[in-house]
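The same subunit A turns up in both complexes below, where it pairs with subunit B and then with subunit C.
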Partner chain A sequence: MSGRKETVLDLAKFVDKGVQVKLTGGRQVTGTLKGYDQLLNLVLDEAVEFIRDADDPLKTTDQTRRLGLIVCRGTAVMLVSPTDGTDEIANPFLQPEGA
Partner chain B sequence: MANNPSQLLPSELIDRCIGSKIWVIMKGDKELVGTLKGFDVYVNMVLEDVTEYEITAEGRRITKLDQILLNGNNIAILVPGGSPDPE
Partner chain C sequence: MLPLSLLKTAQGHPMLVELKNGETYNGHLVNCDTWMNIHLREVICTSKDGDRFWRMPECYIRGNTIKYLRVPDEVIDKVQEESKSRTDRKPPGVGRGRGRGGSQDGPGGRPAKGIGRGFDEGGARGQGGSRGGRGGLGGSRGAGRGRG
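Take a look at the complex of A and B:
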């Protein structure tokens, strides 16, 4: 084991758990992590993609489409986070109107 | 550290797709469906009988191609057997 560089992000604890993945280009998918490699290529099962906003590809909409079993290319992966314990909150930095 | 054998390696899954249909979603607004003939470490791939879908606000522009070498640089997602048409 010595000399073997350990990865910063240990995905082993996410296997068979729900994960959210953001990709370059604004794509966003969620699914169950089934496998991964050192280059951050991911295998997701029952994957669902959030459709991007037609006007702004960096925003996602509430629309989704089912993809099933997929491979996410490690070169495109920007963010991996578990869906368990993740909640979206309102943007606390938005100034109220007229402030 | 060693890979758990119960785990599914991404490269293994793509390898199992050789000879069958694969749906490739690019980082941009293009998607391709074709028969996977082969791929390399960069996941550049050779596809046959390809249908290219360009998703625009106006709808989908479809292009048919016999055989292509697709650069892996802009690939975001690979879906074995899938297609963008709703079932």
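Take a look at the complex of A and C:
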């Protein structure tokens, strides 16, 4: 249940917090992190998957589906980030006109 | 210069990471490991098309999903300093160690083998002599049978 050495990011601080997980193949899931191991297998509670656009599977839509309690296999986990503070924003790279 | 030592040197610097799926992540590198798993802080995620953006306080990215990373130019100066100081220190020590080990093993091992062979030859001679004796006995037995 607990983390081990050799991890770049200590997931202990995310336990019982909301996390967003991207999986290989494009699925995107959020849920409450209940547990993890050194292989990055994750236990997510009340997990919600973001449904992707049927025409463009790379794009997520606002549609979701409830998955409940899930185990994410570590080898399929591409990215982990806290949901707290994660927001969609306007293009931050645009330079102001005339600059 | 090794890619991972450059990456390690880039800790604390801003960088861009593009994943195999085309998404890019701009953030400050906090930590990385030998699998190129990375931990970024103050991240801006850009979709593959470059039309949607997300801000996230931090994120963990699995190394094997990375396509490439862009690191600031100044990082290369720091990594070269480190690699230079390493090469300055290592070769003399390693060279001496290898040289001594080789010189000790070579002369020390060969005479020992030579001595061993000498003893073996002596034993073989002794056995040869005894074989000769047995042969002689066999011959006498054969002679006996022949007689019988």
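By our rule, the second predicted complex is superposed on the first by the 85 of 99 C-alpha atoms of A that agree within 3 Å, B and C clash if a C-alpha of one lies under 4 Å from a C-alpha of the other, contacts with A are read in each partner's own complex, and residues count from 1 in each chain.
Basically, a residue touches a chain if its C-beta (ideal position, glycine included) is under 8 Å from a C-beta of that chain, and two chains touch if they have at least 3 such contacts.
Worth saying up front: this structure is predicted, and the values here are computed from it rather than measured.
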Q | Superposition on subunit A - do subunit B and subunit C clash or fit | A | fit
Q: State whether A:Thr24 touches subunit B only (first), subunit C only (second), both chains, or neither.
A: both
Q: For A:Ala90, select first, second, both or neither according to whether it touches subunit B, subunit C, the two together, or no partner.
A: second
Q: Check the residue A:Ala12 against both partner chains and state whether it touches subunit B (first), subunit C (second), both, or neither.
A: first
Q.
After the superposition on A, what does A:Ser81 contact: first (subunit B), second (subunit C), both or neither?
A. second
Q: Once the structures are superposed on A, label A:Leu42 by its partner contacts, choosing first (subunit B), second (subunit C), both or neither.
A: first
Q: Rounding in steps of 10 degrees, give the angle subunit B-subunit A-subunit C taken between C-alpha centres.
A: 90
Q. Between subunit B (first) and subunit C (second), which does A:Lys59 come into contact with in this model arrangement: first, second, both, or neither?
A. second
Q: Aligned on chain A, what is the least Cα gap between subunit B and subunit C? Give it in whole Å.
A: 13
Q: Residue by residue on subunit A, keep only those touching subunit B in one complex and subunit C in the other, then list them.
A: 6, 24
Q: Over in the complex, which subunit A residues touch subunit C? Could you list them?
A: 6-9, 11, 20, 24, 26, 40, 58-59, 77-82, 84-93
Q. Mind pulling up the subunit A residues that touch subunit B in the complex?
A. 1, 4, 6, 12, 15, 23-25, 27, 29, 34-37, 41-43, 49, 54, 57, 65, 67-76
Q.
Per the contact definition, I'd like the list of subunit B residues that touch subunit A in the complex.
A. 1, 3-4, 7-14, 25-29, 43, 57, 72-73, 75-80, 82, 86
**Q.** Interfacial residue positions of subunit C with respect to subunit A in the complex
**A.** 19, 21-22, 30-33, 37-39, 43-44, 46-48, 52-62, 65
